[in-house]
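By letter and in written order, the chains are A, B, C and D; residue numbering begins at 1 in each of them.
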Amino acid sequence: MSDSRSPTTATLLLCCRDRKGLVAALAQLLYDQGANILDAQQHTDSLEEMFFQRIHFDLSELDIPRDQLEALLEIECGRYQMRWRISYSDRRKRVAIFVSKFEHCLYDLLLRHRLGELHCEIPLVISNHPDLESVAEKFEIPYHLYPITKQTKAEQEGKQIALLEEQEIDLLVLARYMQILSKRFTERFPERIINIHHSTLPAFVGARPYQQALDRGVKLVGATAHYATRDLDEGPIIAQDVVHCSHADTVRDLIRKGRDVERMVLAQAVRWHLEDRILVHGRRTVVFF
Amino acid sequence: MSDSRSPTTATLLLCCRDRKGLVAALAQLLYDQGANILDAQQHTDSLEEMFFQRIHFDLSELDIPRDQLEALLEIECGRYQMRWRISYSDRRKRVAIFVSKFEHCLYDLLLRHRLGELHCEIPLVISNHPDLESVAEKFEIPYHLYPITKQTKAEQEGKQIALLEEQEIDLLVLARYMQILSKRFTERFPERIINIHHSTLPAFVGARPYQQALDRGVKLVGATAHYATRDLDEGPIIAQDVVHCSHADTVRDLIRKGRDVERMVLAQAVRWHLEDRILVHGRRTVVFF
Amino acid sequence: MSDSRSPTTATLLLCCRDRKGLVAALAQLLYDQGANILDAQQHTDSLEEMFFQRIHFDLSELDIPRDQLEALLEIECGRYQMRWRISYSDRRKRVAIFVSKFEHCLYDLLLRHRLGELHCEIPLVISNHPDLESVAEKFEIPYHLYPITKQTKAEQEGKQIALLEEQEIDLLVLARYMQILSKRFTERFPERIINIHHSTLPAFVGARPYQQALDRGVKLVGATAHYATRDLDEGPIIAQDVVHCSHADTVRDLIRKGRDVERMVLAQAVRWHLEDRILVHGRRTVVFF
Amino acid sequence: MSDSRSPTTATLLLCCRDRKGLVAALAQLLYDQGANILDAQQHTDSLEEMFFQRIHFDLSELDIPRDQLEALLEIECGRYQMRWRISYSDRRKRVAIFVSKFEHCLYDLLLRHRLGELHCEIPLVISNHPDLESVAEKFEIPYHLYPITKQTKAEQEGKQIALLEEQEIDLLVLARYMQILSKRFTERFPERIINIHHSTLPAFVGARPYQQALDRGVKLVGATAHYATRDLDEGPIIAQDVVHCSHADTVRDLIRKGRDVERMVLAQAVRWHLEDRILVHGRRTVVFF
């Protein structure tokens, strides 16, 4: 994790069809420009023959400017038809948090941000309800209200997108945002929207999932964080966890336990994204933690 | 947990519609006969207005014979339309383990039995395949083979039931038994058959669940132990647990992790049943642990 | 868990030397006065021959005033030399939170309180440093600053005690309060001060425990919540938990993981205390959860 | 995990003082000889400036014989004063299991081996007691008995070492072996002896740790697997885990829970060692999982 005393570093994420020599090629390119690799993780999916890599390296002795490094990467990665992405520790990602009426995930993210756990800027909170404005205010973050009805949805989403682009937002976190994003919206920000939803075994769909879980007598409740895609709750899974429950738990207890696991799992997914630990391939993620 | 140095004890499980005075009535009845309550747990489901209780008591100073105690319980419980069940620590439950080809749950149960963790007798293993006979032999337990085809299923089940009744079996444990029991079978042993099955979030049905879980990129695999009812895998849940997994896990790794969680969860459910900790109400269990 | 729609209830905690008839006696007493037992848990420690019980009951049809009920309990419990304590759901406990410079536990408790997870009032925060005043302000809770030096310690503690008594505080929560309480202080509030401290395997004493844990290569960091006694960090344990860590974790990561487990464990211990689930016997607790 | 259908692979473990170009140099060397890297993980300890790497690669298109590859590695690693170690998937490690009277870890390892979870050969079990001979026999593994008294210890250890060397044993697993190995013994097999011991928070030394844990009212019991060094129970930690416990647990329950966590943690540590995932540096391990 980067902090003020740390040297400037970069993180490179790579993905392509597997072939020999990929690790050597990238390592050599970085070495030749004076980069020092701090951490590197590589995974080959032998069934799909796909190659995934994360390289975290020190920039302090880099011999060339960043744009030239990127130009070299573009050439090298082009050779292997590699998808690649680079980010720099001195360029914090900009995060927008979307909320509705539940405050636990919002509070948790804002507190972790304040404690230095999330290496990002949070320039705005977006909501379809006025309820949580005072929470954002406590942390001095502007709260943008977009009430949404069936009639106004397309228009309001348009305004939200305009704001997000104007503010150069890198990541959208749906912190219990109770509105389904349109296809237009999710496709505008691919692999850049993280959602959290409750999970039970077996899974319950529809309203009041905790009541259903109680009726069925489940012994676990959990949460799943995933990238939002146009298939609601079906995007690539980033993180999951559960807590135990029992017959003695009321619906209120399940909701409380659900809150705890939701905020832990969401925070973990957001942190991994901010630290460039996640690669998406099809319906799956590779998370180098 | 009972052992040879322990005094003889009894465990009473009770369930009825809630009303005032139930705890007092039962406690008084036991006290009047010289029983000393060692552990008592009581739960009231306030939504359904149901009362559940487990009373574990010492018999060493009981003033009357057991049959007279049971007669008194019958009268008292009848007054409240209470379902009740009593068991005695000096009368070990008799368990039949059903298996097919997977050995991990069988081994685990036999080893735990040997280590004194499961207070029961295991007079027989029943299988539809010959594969695990040598495992049963290692622990000197008779292995009864009933190969099953579509044509012979009814007949073979009939023989199994006859054997189970002849052997006075109290509990059937389906330790990865890959045959669906007929309705006739499950209804013959209500709340006396424990099954284990894998669980993932989301859940996958059909063949090769771990391959499906891998394709979907799940980050947890789990297991659920439940009483078998005629609705396959839908009976009252007794215990559940999960283990974390990642992109680095192959199908073989998921299967290995699945085995670990299956055997832990199954053993826990069996132990709770043997210690008379489980009450079933509708689709749910109350587990006093 | 109680809420505004719930009927008024009471919780009775009992502890005495074990003997026959205790469960019956108490259940009968409550029944005779019109109380309906909602939940009851009883534990007998067979080695020490001690009896522990928690009875949660509905007061809505109680035939007598509370003071008469308490008078009857005093008589009955006196007969068995029983320690007992009763609390009522409509009389919220009053909690003082003690902090120094770390904010994560304070935030967590205040947020949980706001979400209705902690059934109590929090009329004040006490600190030896000014740093967290703004956090208390966000939640509109008075912040009382008592800077402490070796010379002023006795005097400042005296003022703190006076304030706590004036405010009729029931529970003191040391939410990372970095001052050792004097013997006079801890003995004034027996079983009413909850402390949280980090735990590792093996344990490290002295400064910078996470650096020591890192140097030793531990794979777990944890936290322990306990009642404060005059033996620092040696009081009866209420709750414990751990999180996994690895070689890839820096000291900052361990501190972050430590914060997560500290706040979860502390919140759990405080909730259990507020719900009257904890009985202390010697160096141990019985927690009916 | 390797299986019969897998191609032959090799795993290279590397450790040296950090400097630029290490990743590139190794990757290039392997690429030049036709090796295809399947998985690579690299860690830099920025405080100690140490470099650690695990490279798992496919040998099926290697252009040169293994001994030539190793000669090249020797030259290249020599250049960086690098410690290195290579192993091949078609050369299974040979494991000796040491036991005394407790059978749970022995059974667990033998069962996992049988299920294909542990990629090794287990040619022998060594014990200082005759008790577990029948367990080894069940799995058809020779059982070597070396009763040890204070007087015979040096002599018997000498015989054990001779047997281990004659049998070309790669790894010794102390599966609850209740004898302290001499300094001569542990130094003969550095980083090749894995031990398991119970862990509690706080830790208890001396006899009857579970009774002590009970007296102290701990809420967790755990286990630690580590490499054995001459400082008993102080070697580099490989894996740790815990299970929750409560006032309701008797010493027998704690022992049962301890067994479960011991066998899980030991099996994990052994598997990691067999898969060449562990590097030792001073008192710590780097585990690439």
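Note that contacts are C-beta pairs under 8 Å (C-beta built on N, C-alpha and C of every residue); 3 or more make two chains touch, one makes a residue touch a chain.
Predicted model, so just to flag it, every value in this text is computed and none were measured.
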Neighbouring chains shared between chain C and chain D, ordered by label: A, B
Most distant chain from chain B, judged by the mean position of its C-alpha atoms: A
Between A-C and A-D, the pair with more C-beta contacts: A-D
Inter-chain centre distance, chain A versus chain C - centres from mean C-alpha coordinates, in Å: 36
Residues of chain C whose C-beta touches two or more other chains: 39, 43, 248, 289
Touching residues (chain side chain C, partner chain A) in the complex: 1, 3, 39, 103-104, 107, 111, 114-117, 138, 248, 250, 252-253, 256, 259-260, 264, 289
Parts of chain D lying in touch with chain A, wherever the complex brings them together: 20-24, 27-28, 30-31, 34-44, 46, 61
Contact set on chain B toward chain A in their complex: 43, 45, 52, 199, 201-203, 215-220, 222, 224, 236-242, 244, 246-248, 283-287, 289
